[in-house]
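What follows are several structures.
One chain, chain A, appears in both complexes that follow, with chain B as partner in the first and chain C in the second.
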Partner chain A sequence: MGGFVEALGDILTSESSYVSAVSFAAFLAFGAVGEWVAERAGTLNISIEGMLLAGAFAAAMGFDLTSSLLVSLLFGIGAALMVASVQAQMSHRLQADQFVVGLALNILVLGLAGFLDGELDPATRRAPTVTIPLLSDIPLVGRALFDQSWLLYLIYPLIPACWWLVYRTRWGLEARSVGENPQSADASGIHVNRRRRQAIYVAGITCGAGGTYLCLAVVGSFEDSIVGGRGFISIAAVIFGGWTLRGSIAGCVLFGTVVSFRLSLPALGYQINNQIVTSAPFLLTIAGMALFAKRVRAPDALSRPFVRGIR
Partner chain B sequence: MTASVVRALRPTRARRDALAGRLSEVVGLYVLSILGALALSAVLVSATGGSWRSVLSALIDGSIRNPGRWGTTIGGAIPLLTIALGTIVNAKAGLVNIGQEGQLLLGGACAAIVAVHFDAPGALVFFALAAAGVAGGAVWAGLAAALRYWRDVPEVLTTLLLVAVASQVVAFGFSTERLLLAPLSEGQGTQVQQTLRVPEGARLPRITLFGNEFPIAAFAAVILAAVVAFILARTVWGFRLRMLGSNQRTATRAGVRPARYGITAMLISGGLAGLAGVFMLTGGDFGGYRFSPGFSINFGWTGLLVALVARERAGAAVVVAFVFACLWTGSGFLAATGVERRITDVVQASLVLALLIPPAVLFIRARRRAAALRRVRV
Partner chain C sequence: MQARTFDAAGGTEKDPPAAVRMVGVTKRFGAVVACNRVDFSLQRGRIHGLLGENGAGKSTLMKILIGLVTPDAGEIYVHGERRIILDPVEAATLGLGMVHQHFSLVDALSVWENVALGEPGRLDPRAVRARVGEISDHFGLDIDPYATVGDLPAALQQRVEIIKCLRRDPSVLIFDEPTSVLTPEESWQLFDSLRRVVTDEGRAVALVSHKLDEVLQATDTATIMRQGAVVERLVTAETDAAELARAMVGRPVALRSDGALRAAPRSGQRPIEHDEPVLTIEAAAVRVGEQRELDGLDLEVFAGEIVGVAGVEGNGQSALVDVLSSLTRLHSGAVRVNGRAVPTGKSGAMAEAGIAVIPADRHDSGIVLQMTVAENLLLVHPEQVSAKGLLDPGMMSEHAQRLIDEYEIQCEGPDSPMWSLSGGNQQRVVLARELSSRPLALIAAQPTRGLDVGAIEYTTGQIRRAASNGVGVLLVSSELEEILDLSDRIVVLSQGRTAGAMARDDVDMERLGLLMGGHHA
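Right, the complex of A and B next:
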């Protein structure tokens, strides 16, 4: 137990562990903000994993072709939007089961990325860092938050932008009403399934950015295990956070920190059972949901399809 | 007289025409979407410089045409079908279990532990390891079901997250010889992460038919499919389970306790995934009767896709499992064509997506027709 406290102290005082924690938390947050918007509009969107992976692969391809980060970002967002549009059209136009569509999409994207990576093998390298003066001199967290690639900085405006979109625009009010009570929303003239589709496109955009960030700023090369189930942790963060943006981001920070232990503990010289460290974020996610899922209220129509006159 | 007969006949004929029209519409839609999915994969192969004709012929060679291959394909179809049957049960109860990969892996691990450490006559070992495998898979799915009903945690996510945990549990099992790791044998330099072989007597007998060999579990799986179909369609329990899946409120009013039926369905689903692990371990087509960390070879996911393509029908699952097993055995022959074998994953997943389209389109068209009729009447 003493060893545990000591390790915790070492982590809290080591700059590099903040760097890895922030990079994982930011990656999860890219997925979680989009998923939060989609879930507020009533879709439990499990193709987040596929969108992140599609974004990562397309970004690698974009970098291989143009070696421009901006173009890679657009590639990433484009690919994730393609996945999002399949999910949106199939689950909210054709009314196919959203979990089935999401699962099939995840497997399809994983197969496609593995296949195309083997055939094309895009060459990439890690993006350079952009140092923000003054802010990056803050002790401990300065380097982690303000001395990174500009791809990370995208998450800072993205979070308030999503908050504004959902709480301060007409679109957001309509999207939330669609997630709570689609029948009433429909009766007041809101196009329920269109709002839901648009909310999934928002998730596509944030996931495209997240995939690009992961591939070009964190890892620096593409492999098909690059996302490795962490998209699902993003989804769990939204549930853990009780469908509030604040809580979702808090969940991302918590889960991201635990994910980063796998890198930061060995770096500090601690020998820890690898299986426990690897499964810790997943176990913590399950435990977190078990503790909090009952105390919070989900959007009423979450994961229920809307067909006028039937449900 | 004749005029009235004609008048009496007219609606029937119209109905018959409509029915034939509907049938050709249904068949046409299904054929179109399957062809679409295959064409997409073919385009992908051609775009990356391969030849889709050679890929197709390699797939057929590897799965059916070459001597002895369809036996192996049947061997692959057995676990796929078993997993799919479990998935059908939980889907009928309105639950989403997408963690078969973990349940399969853990079931296989539990079976392997018993197989290696339980010293008894062969048949007894087999039944003990089968029970352990089923229990292992059932517990893993039961965890998610318990959290679903006691703590309101969506089972979609827990089953999924438990897949990652299962592979770590298995990795832990391989850290010690007391659980899974095979002791270092004579003349072996480094310890390989695998178990000892399942003892001779505890293996499933294999049948040879026209030069093709497969384990007798094939019959067990087909019988299981019939049993699942019968229970779901013809028993009170199955009826109540389906009622729960289609309308929970009605089911509760009729006296169905959601937690009891839901948890049972998930236990069956996980147990069948574990049983698939037992079949893989003792059947002989996978890893030479040994268990290893990569034992499940994504069959949990593929089995799930089989259930989705079969649209929750046990009879259809038998056929689909064989087709997907063909893609698995055929993919082993793809190396000669120079095309990445992951293309079969693409084919499988796009088939699933494509087959979602026809029923959806039919539903929408039926609604449009009804709406048009209403307008005419007004």
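Right, the complex of A and C next:
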């Protein structure tokens, strides 16, 4: 126990542990904000994993071809949107089961990215950092938050933008109603499945950005295990957060921090069991669900397909 | 032919064109024809009743008008111009608005958010809230725009629905079974404001209903549909309940009030075995938090009798039914079937002991809409068609076919999905399943709620037949007439206990009323 407290103290005072915590949390947040929008509209979108991976690989290809971060970002978003559109068309036009489609997509993208990576082997390097004056001088967290690639800074406006989209625009009102009661939304003249598809595209965009960030700003090169199941941790963060944006982001920060121990603890000279750290977010989610199960409410029609005329 | 005479009488040629005219509208769902060449029109400044049994095609016709269902054939004219209405937004721009039977509201959203749903353009919360205030002042429909819709009682939710509809200032308003969730008093309030909407502002209103009284008292003209076709059009002032009922079901029907009178001597005709009760409830208590749902209830039902449970709703009726459906556990007291205690709150225990239940809410706890008719028929007692834990498909469809024939369930066959059946036929499936298990006791909770005259007659007939076959029936109903009509003995519930009991033959309406009102008489 004493060792644990000591380790925690070391982590809290080490600047580099904040850097890795922020990079993990930010990557989760890219996935989680999009997933949150999709889930509020009624899709439990498990292809988030595939979208992140597709985004990461396409970003690497984009960088290999043009050496431009902006073009890489567009490549990443484009590829994630392709995955998103398959998910959206299959589950909300053809009414295929969204989990089956999501699972298939995750496996497909993993295989395809591994294959193409072997064939094409895109050359990449880590993006340079952009230092924000003054803010980056904040002790401990300054470097982690404000002395990074501009790809990280995308998440800062993205979070309030998604909040505004869902709570302050007509599109968001309609998307929420579609996630709660699609029959009522339909009777009110809202295109239920169109809104659901659009919400999945939002997830595609944020995941494309997240994949690009992961590949070019965090790791610096592509490998097919780069996402490594963290898409599912994003989904867990949304559930942990009780389908509120604030809660989802809090979940990302918590999970990101816990996962970052895998890097920061050995760096500080502590021995840890990797498996335990990797499974921690899921254990925390289960604990969170058990504690808050009565207080949180999932969107009523979450993961229920909508077909006209069946009540 | 009747269509032509009406058109002449309605004067679509000389007068300004009808607000809405539907000509030859046809819609099929699979082999079922929901609407068969229906002609229908609405005039400005009039309330027009659309009357018919459940499944007669009234709702489908209105959904076609509002763009929720696409017709297979037929033409729609709005203010004299031919229109093709593809979705509710388009209908709204043409000035057609509908207040839905199952509300088109989203529980998780606030009142103003619900009102804003389905509007085009930018979202302007302040303007929406101001408009809600204006409408509620103008039509006397008080509402708090910030309230969450799911927290509101049914009558207020309907108010939100009406405001949502009026916000678009429609020239044609369609009300689909608007009073099914309202108390009589609330219904009259609704019709008052309807009248105002019509006479003051010259709108056309369609009132879809299967309640004769409603059509008689609230409408100017009426169209009656049966099995997807229009069978009669008439002026409300020149007709009466008997004529409407005849047109609606196609044969003379004993109206509920007549039935109550007829039923009076009936209990004397049938011997009632009074040796030992089949169902005994002893000092039953159910508490939900601080609330005492049941508070020492005692009740006995003997074989072959119908015991009516009367009382103002919310005095323990639903807790009583929940206990007898194994949904709720008793905190104290006991339930006995033929003298043997049955564990409460244990799934399936009551059914196993021989208690059959017709639940108050079919969709919620009576049937599984997505499963087939055959599957729904075996849900409670699968052992009837299975051996060693395996379902026997042959036995299953034979069993289903036998019940479909016996109970005259109208469907395409044992394998048709439950949702393709009309409400009356869904209730027949419930009746068939519960009665075919040869129960000792039958709990009928609001068995005729939401059914039309024909289906009510059928259901009450089946309940009577069950009783004469020796089943002890416990009838829980909020409709006193139904209880008076069917019961041999009446028990009044008040605040979770029996306030009093009387035989049907010595019913004293004044005493009954006092007991229901919580007085001890």
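To be clear about the criterion, the second predicted complex is superposed on the first by the 300 of 311 C-alpha atoms of A that agree within 3 Å, B and C clash if a C-alpha of one lies under 4 Å from a C-alpha of the other, contacts with A are read in each partner's own complex, and residues count from 1 in each chain.
In this text, contacts are C-beta pairs under 8 Å (C-beta built on N, C-alpha and C of every residue); 3 or more make two chains touch, one makes a residue touch a chain.
Owing to the predicted nature of the structure, the values given are computational and were not obtained by experimental measurement.
Participant: Is A:T169 contacted by the first partner chain B, the second partner chain C, both or neither?
Facilitator: A:T169 sits against chain C, while chain B stays out of touch.
Participant: Which holds for A:Y201: it touches chain B only (first), chain C only (second), both, or neither?
Facilitator: neither
Participant: Name the chain, either chain B or chain C, that contacts more residues of chain A.
Facilitator: B
Participant: Examine A:L44 and indicate which partner it touches, taking first as chain B and second as chain C; both and neither are also allowed.
Facilitator: After superposing on A, A:L44 lies in contact with chain B but is clear of chain C.
Participant: After the superposition on A, what does A:W150 contact: first (chain B), second (chain C), both or neither?
Facilitator: It touches nothing on chain B or chain C.
Participant: After the superposition on A, what does A:Y270 contact: first (chain B), second (chain C), both or neither?
Facilitator: neither
Participant: Tell me which partner A:D300 touches in the superposition: chain B (first), chain C (second), both or neither.
Facilitator: In the superposition, A:D300 contacts chain C only.
Participant: Considering only the touch criterion stated at the top, classify A:L120 as touching first (chain B), second (chain C), both, or neither.
Facilitator: It touches chain B, and chain C stays clear.
Participant: For a test of understanding, state which residues of chain C touch chain A in their complex under the given definition.
Facilitator: 67-69, 87-89, 91-92, 98, 100, 102-109, 113, 116-119, 121-123, 164, 363, 369-370, 419
Participant: Could you pull out which chain B residues touch chain A in their complex?
Facilitator: Listed in rising order, the residues of chain B that touch chain A are 44, 48-49, 96, 98, 147, 151-154, 156-158, 160-165, 168-169, 171-172, 175, 301, 304-305, 308, 340, 342-346, 348-350, 352-353, 356-357, 360-361, 363-364.
Participant: Spell out the residues on chain A that touch chain B in their complex, using ranges where they run on.
Facilitator: 44, 46, 86, 90, 94-97, 99-101, 103-105, 107-108, 110-112, 114-116, 118-120, 229, 232-233, 235-236, 239, 273-276, 278-279, 282-283, 285-286, 289-291, 293-294, 303
Participant: For the complex, which residues does chain A have touching chain C?
Facilitator: Residues 168-170, 173-174, 176-177, 180-181, 183-191, 297, 299-300, 308-311 of chain A touch chain C in their complex.
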